Each structure stands twice: as C-alpha cells, then as structure tokens.
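For clarity, chains are labelled A, B, C and D in written order, and residue numbers in each chain start from 1.
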Amino acid sequence: MTDPLLAAVRDGVRLIELGQPFFTGMPCSPNHPGFRMTLARRHGDAVRPDGGSAANEIIVTGGHVGTHIDALSHVSHDGRLHGGVDAAEAQRGGAFTAHGAEHLPGLLCRGVLLDIARLHGADVLPGGYEITAGDLRAAAESGGITPRSGDVVLIRTGWSRHFPDPAAYLGERTGVPGPNVAAARWLAAHGIVATGADTTAYEHIPPGTGHRVLPVHRVLLVDSGIHIIEHLALEDLSACGATEFTFVLAPLRIVGGTGSPVRPLAAMSARLDESEAMR
Amino acid sequence: MTDPLLAAVRDGVRLIELGQPFFTGMPCSPNHPGFRMTLARRHGDAVRPDGGSAANEIIVTGGHVGTHIDALSHVSHDGRLHGGVDAAEAQRGGAFTAHGAEHLPGLLCRGVLLDIARLHGADVLPGGYEITAGDLRAAAESGGITPRSGDVVLIRTGWSRHFPDPAAYLGERTGVPGPNVAAARWLAAHGIVATGADTTAYEHIPPGTGHRVLPVHRVLLVDSGIHIIEHLALEDLSACGATEFTFVLAPLRIVGGTGSPVRPLAAMSARLDESEAMR
Amino acid sequence: MTDPLLAAVRDGVRLIELGQPFFTGMPCSPNHPGFRMTLARRHGDAVRPDGGSAANEIIVTGGHVGTHIDALSHVSHDGRLHGGVDAAEAQRGGAFTAHGAEHLPGLLCRGVLLDIARLHGADVLPGGYEITAGDLRAAAESGGITPRSGDVVLIRTGWSRHFPDPAAYLGERTGVPGPNVAAARWLAAHGIVATGADTTAYEHIPPGTGHRVLPVHRVLLVDSGIHIIEHLALEDLSACGATEFTFVLAPLRIVGGTGSPVRPLAAMSARLDESEAMR
Amino acid sequence: MTDPLLAAVRDGVRLIELGQPFFTGMPCSPNHPGFRMTLARRHGDAVRPDGGSAANEIIVTGGHVGTHIDALSHVSHDGRLHGGVDAAEAQRGGAFTAHGAEHLPGLLCRGVLLDIARLHGADVLPGGYEITAGDLRAAAESGGITPRSGDVVLIRTGWSRHFPDPAAYLGERTGVPGPNVAAARWLAAHGIVATGADTTAYEHIPPGTGHRVLPVHRVLLVDSGIHIIEHLALEDLSACGATEFTFVLAPLRIVGGTGSPVRPLAAMSARLDESEAMR
C-alpha cells in the first residue's frame, strides 16, 4: 500500500517561504542578543594537501531572534509556567528542566491564514492596531475557513513590509499591530497547536509603551500551552491567495532553552497549483 | 478541488525524529565553535507589573554544529566552489555572496534510507569502515528501493549510538565509518538533492587520520551541488523499518553562511502506519 | 639596594580611572559586535556538598569594544600594515601572524594629558571639532609639558560626558571631535608609544559622514607604529589638574587579534597628592 | 615637587609578563565557555575610498577564562557572598548588584613571590601536591620576605609549564598542586589584597576528584574578601630571582560580572636591574 502523504509529495509540492533571512544587523528587540554570523575559517585559510578547503562560521544568536517559535518555558505568570510548573524550580541549574525548547514539536499539519490586513483592504495595518476576536472571525469567514484542533493559525498584519527598516519594524514610536486578549482567547478556544504573526511581539503594542506587559503571551503560552511564532514573512503566502495549506515547522531541540529559530514553510500540491492556474 | 497533500496531512501523519538535540557539551569537531546555550534572563529577573515574566537565552554555535546541512559555500577545491565560482571572490566582505546558506532549499520530498549497518547485520559499523558503492547498491536492493532525481538519501552506520560519548563519537582513535569516493559518485549519478549520515563527517575517516582530506565533500558539494547532512539520528527510522518516507527539512536562511543547524524529520501517513501494523 | 619604583609604590599610590565600565547596552560602533555579559551559572544552580557555589558568565565582545587599544594589525593602507607587512598574507589562517594583539606592550610609563576642552574653556568640545597641531601645542604649553619619546599622550575632548547616551556619544548626526592628520603627525614626531582620546574613533568625524575614511589611524598605526586607545574616561584626570602622571596599561595578549579591551589607569604618589593639597 | 613614582618610572622600568596569552584552544575548565577569537572583518573586506582598511574580531570568552581575577561575587557559601551579602538577591536581574567585577581594584602595589617549586628544588610540583602554611612560611623565609597588608602574594608551583598541553594542565587524572585551607588562612592573616597561582583552580585538587569542593575559595573570597588570580605565568619571574616587585593589575570593570581576564605584570626599576647584573 502506498503512503498517501508520500504519493502527494512525489507528485510535486510547491513551498512558500514564511521565514525571514538571518543576517547581522537584522531587526531584533533590545531584550535579545541579536544575530551575528562571522566567517571563522575562509577558503584559503587552511588548504588541505588535496587542494580542498572548508569555510565555516561562528554564530551568536538567541532563541527569540529572527523568525522563531516560543517554547512554553518562555513566559511565566505569578511564578508559574504552563500547567502550574514552578518557574524558579524549572530553571534551577541554568537550563529548563520542564517545557524546554527540546519539547517543541515538529509540525506537518494544516495551516490557516487569517489575513487581517487584506480584510481591511490595507497593505499594512496601522501601528498599534488592535486585532479583535471579531477581526479573526471575519477573516476566517471571508477565507471560508474555520480553525480546528491541531491547526496552526497565522495572522497577517502586513507589518513584515517594514522588516528592511529595523527601527520602523520594531515600531517603538508607532506601536505594532497585534491581537488583543479576546482574540487570543478566541484562538485558544479552537484547540490550535500554535499561532504566529508577521511582527516582533504577537501582541497589540500601543505607541510608546514598549513590551511592558504581554497579556497575549500569558493567554497562549501559560494558560493554553499554545506556541507562538514571531517575525513571520507572510507576504508571499497572502499574495497566492491560499487560506489553508500544509504548514511545515521543525524547531531545533535546544535542551532547556526557551525558543528556537525556525524557517516555517507553507506547502501545496504543485498539481493543484497548476489546475488552480487553469481556472 | 482538495489539495491531495493537505488531505494526506489532515488524515494524520507520524513524525520520526532524525535530528540530535542541541546542548552545551554535545559532540563537536574542534574545527567548529561548539554549542552553548546560556539563559540570559530568567523568570523573576524582571517581573512585569501584571505578574508576567519572560526568560530567554544567548546561543553561541556554528553552521556545522549538531545536526546540520552544508551549503555549497562550505567546501572549495583548487579555489573554486560549485559551478566554478571563485571562492576568494565569493567570500570577500566576510559573508558569501554566492552559494550562501540563504540558498539552502526547504525540502518536502522523498527520503530514502540505505541502512548499511542493517545490511551487515551490525548495530554499529566498525570505526573507519569504508562504505562502498556496492554497499549502497546492496542496501537499496535489499530495501526494494532506488534513489531517484530529487530524493534525499540517508545512510545509516549506527554510529549515532556513540553520540552520548563525545570522544567515542568523534572517533579520533577508532576512525569513523563513511562513504568513499566511488559511493559518493554512485549517489551523485542518481541526481539526488541531498544526502546525509549519522556521523560527524560524512566521510570515511581511517583511524588516527583526522579530517585531513575530504574527498567525498568535494564530489558532492563542489562537483555535484549536492548538500550534505551530518550528525543525523537514524536509529528510530531504522527501527520502524521504513526505507522510503517523506523527508522534511527547513534550513535557516543564514545570509552568506556555510551551513545551518536543522531538525530533519521523516513523515509517514498515520493511517498507513496503522494498516502496516495490522499486517 | 632598594628598587626606587617599589619604594615609591610602597609609599602609597593614588590610581585614577581612565577606562569606561563594560556592560550590555554600552555605546558601540555598529562595525563591532558590542558587549554582552550573561551570567551562565548563578549561585544555587549547582551547590557543592560543602555548601559552596560558584557563579560565572559568558562574554561576547570584540577587540575594539569599550575602552581598548588598537594593535598594529587593525589598519592597513593599500594592503600594507605597519612596516610594509602584507596584510593579506598576515591574516591568512584567520588570525594575524604579524602585529597581532599579543604584541601589544604592557605600559608603565609617563603619560601626558593634552586637555583640549579645558584649553578652550569648554566642558565638551563641539561635535565635529577638528583638533589641530596648534591645539596640541597650545595645550602642551599651557600644561607646561612636552611629549617625549616613550610617552603616552591622552587627548581630552570632554566627549565622554555623552557616554551614558549611546546615540549622542556615537554622534552620527553631530559628528565627533578628534585630531586631524597634522595633529597626528605632530604627535608622531615626538616618538610617543601610544595615544588615546575620550571618543569612539580618535578621528575628526564631521557631522553625517560616519567612519568612511580614517586618515589619522593611517598616520599613527600604519605609518608610525603608534597604538591608539579609544573610549577613554578622562574627566577625573582632568579634574585633578595633572598634566603628567604614571600611565598604566596591560592589554590582553590576544593571539592574532587586532586590539584588546583595557582598563588604563593614571597613577600618582599619594604623598605628593597630600603635599599638593597642602599648598 | 617631582612625583617619586613618576621619577622612578621615567628612569626606566622592566616589565615581566605574568599572564598567559589568549587563543582559541587554550586550556579551559569545562565549567567555562573557553576562549574564541574570530576575525570578523579582514583587510580587503571593505576597502575605504582612500585605500584604508580595518580588521576586527568577535571574541567569546568568560570571566574565568585564561589568566583572570575573581570578583567577590564568584563564590558563595550557604547562600552568602563576602560580608554576608545574600547571593540570590545580589544576582537577581542577571548581573550582580553587589561585589560585581566593576569593583575589582586596579593594583599598583607590592607583589611577593612565594616560590614553592623552587623551595622543593622542583621544576614543577607533583600533581595534587598540597601546599601547606609551612610551605608558604618556608618560602617567605627563604626569600627573605614577609607578606604585608596590601600586598599581592603569588604562589609558584611550576605547573604553567603544562600550559601548552591542555589535558596535562587541567590535570584531571594527576590532580593539580595548590594551597590547602590552612595555607589560605595563613595568607588571609597577613591582610593581603589578592593572591594568585600558576594553576587553573588555586586549590589543592587531588587526582580524579575534579573541582567538587573549593574550600580555599571560600576562605579567601567569602570569608576574607581576598581576590584570587588564576592561570598565572610565573616562570620568567621565578627565573629572574625576584621575591618582591611592583605588581601591576588592571581588571576590566565588567558590571555585574564575576571575574575579569587580566594581564598581570611585575615591574622593576631597569637601573636596579643593571646594578644587580653588575654584582
């Protein structure tokens, strides 16, 4: 018997990038160490007897730098991680012994795009725009799609268009659009596995307030055990018009860490793509 | 029309881990910077007014540390990268302007396991065992499988069983099993996209020789443009008996880098799995 | 026979800080990796059987971050380091084989302060102020002091008062005061060993130009073999009114590096200090 | 009135290196992150319009890597730092708010060498040799010297001769020579400011025991507020026969850190040196 997944894969798939590139100088919250890639050995530094030469690098980064997914160890409330785990106890020893990034699941599941920018006919939502449960519901309806248990829900604000300009992207003066608590609760009620957005914080950040409080992180990570994906690149996905797709994610199993850099992908049958094109 | 890929995914998939965990002290060739994850902010360091607290880390690593995939910029021969690109020119500026890790493809394709350890009835191939083209051919036949264009071919030596003991795993005294040049050419002739193994070097390393020459890297990366995946964990995949599967890989797009840490996954339809179990 | 140096030291010395503290978030040119100190092990992470516990950290920094001294490998002109050394050849292998930071001398010598801010009756020289040879000559005369062979000459601009405000201190919009080429030549003609200032670049940086060219670095490092010390803290030294003093510097011998973080100190006989106070 | 310190300095000083060089691959306890210097920008990467080019590096290290001095925040006993400071409280926030490395004093003071290897007629003391208070007393007498308040006392074991061989130097199998608790108490009773040795741990480490307990660290750092200097290079100082000298140390003021890399120097009047040579 043929594996239907493998059969579909062998028929050809089209992959759409959902992650940002990693480079020195890319936007990063000052709370995190940023990203730095430095070539350590270059070609010619040590040529082998046979004419071969290998180059390599050193990388300094963090679990919440660039496109990444939050482990459940990332946020606590009143000293507790998800499931009531004592945060102080779990981090004793300098690496989390519960909810560490090594427990981040690999994902090959349905992804759903709730395109809030498109819903409002905007390329980019205004800085500090508060995405409501009503927005999510309207985007789902307009996309003919309902989040289901096990799905990953991606919320598009269009904000990644600011990615090339780090100050604009971090939005300290303008604020950053993001879901409010009621929107997060609406998502949590659908039993999703993870949710992400094309911004730095997956929070509604009013202008000038910074990341003083993170109520949506609490609802998702602490209360609901739902992972958060940040710094997504959703322009290509939005442009192709898909509202559901195969979502691919493979976080690094960083033992005791609080998050992992990732490169999420949306996958579609190439054949479907052609037939769609024919219409 | 339903996307057959998404339909298969929604019917349920089983994911098998092919990557090693990342932790301070894990095996790493002395050529590379090793891996270090240090919690920078712990819960309680800065509690927000609402009782929330976020923990995060700093990570020092490299593009060839832990389970990773080589970009084509990694190896040169006589000053040339794949396709005749001038290595010195491409690395001018401190980051590769050609064949950098940002060009590493996301992969959702057929994977093929050539289980050389199983072929020889061994849990682990001996240190320094030279895997020949004949071995690969025999493993393919015994698995009822032929590598095809676009496939990823994984070679199992069983060596990852030494992973918990860094000195044994690096095998300086014992050597490390791996494919020889003829085996690499046999693979290249099949038009595969990438190939990997459960060792540190994807080379046949005789005892006491270290990594002085890397002829297989040349054949694959420089001559053929085929990416190499190292430090795979193939025990679970071997145990489940699959010889073909859906291979999932999402390398980070590290601009100008020479490789990326990854978490490869093998995916199978869960339904198939059950029906297989019924037989 | 008593060592007169040791006798003077045993009579008591007063040390004046000339270095800035090192902390995460301190001012740093974007050309350099910045400074980050992260506690890796904290007390309580691993308590020993006897009740003891040790804390330690990981530090990411660079040779030109914070108060530091430039090795002669730092700057080249037309491909040549000081003394005509071929820069490309010297850096082959990924660490300098000539003029590396391991050759930076320890210094216990006469230091001379040329207080240009005081000369002009200013707390801080204006951004982009060009310090001329005439300025240096006038400051030397007004201080009753002439630089001599083997001295270290420190130039005060008052700019370190901006250190707490990184954007002001880096001075991208305002420019940064510093010596021009003629001033550098005047210094070089006196046979000094090293020279430093209380700014980021030891160059006259006009507003809005950034560090596009570094002519003073060329005169000092490449042409004259004179080390440059940057990011000095000279307010305390200026306040005490000394124009000559014992200068103390102990750069780390970073093999093949281009500079070293340092903590320069000015030393004076404590007894002198008292007698001065009595006048 | 002339400053007698400056007068002695201007008469010429001879500096003797007491620090080890810093390089990738140098010996480092596995408790610490090791040292890695990687050139980030090389000459030719970005040539300026005027033909100038600057090279720089990224450095990953720790406060207890290479020759370094311990801040009082480094070790606690029963949860208390020196002076009864609550360790948990002081480290809250991820950097020490008490006894951090920014409080490490610059030192220009008398140094005393207690040459225990020479006392026993050995080039190197045996691994695991326990240096007693009697040894220290005998070395002081034989050197005609008594530690006094404000001194820095250096203890020579000869062990730095193993520095080029990291495994031998760390001495996991052999043990490492060092002072016992009574020796540490004898030193503390003399009111010294700091003490150092030419080994990794400044402790008597019996073969095969590792650094499980650090009783000497407790006596010095916690009970007495005396800083410890490790990984010294004392062969040159021993060879010149000096038992007292001017000791120079300028630790980096790393805010909230637990130690600092340093380059200690011994200084002597050059004139004395000549007259000594004449005898």
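Definition applied: a residue touches a chain if its C-beta (ideal position, glycine included) is under 8 Å from a C-beta of that chain, and two chains touch if they have at least 3 such contacts.
Given the structure is predicted, the values throughout are model-derived calculations rather than measurements.
When you average the Cα atoms of each chain and compare centres, the chain farthest from subunit C turns out to be B.
Superposing subunit A on subunit D by their CA atoms means rotating through 180 degrees, a value rounded to the nearest 5. With centres defined as mean CA coordinates, subunit C is found 47 Å away from subunit B. Centre-to-centre, using mean CA coordinates, subunit B is 43 Å away from subunit D. Distance between subunit C and subunit D, defined via averaged C-alpha coordinates, is recorded as 24 Å.
Residue positions of subunit C touching 2 or more other chains: 33, 36, 38-42, 44, 58, 60, 94. The residues of subunit D lying in touch with subunit A in their complex are 36, 38-40, 42, 58, 60. Considering their complex, residues 25, 30, 33-34, 36, 38, 40-42, 44-46, 60, 92-94 of subunit C touch subunit A.
Contacts from subunit B toward subunit A in the complex involve residues 1, 3-11, 13, 15, 17, 19-24, 31-33, 37-44, 48-64, 66, 73-79, 81, 87-88, 91, 94-96, 102, 105-106, 108-110, 212-215, 217-218, 244-246, 248-259, 261-265, 267-269, 271-272, 275-276.
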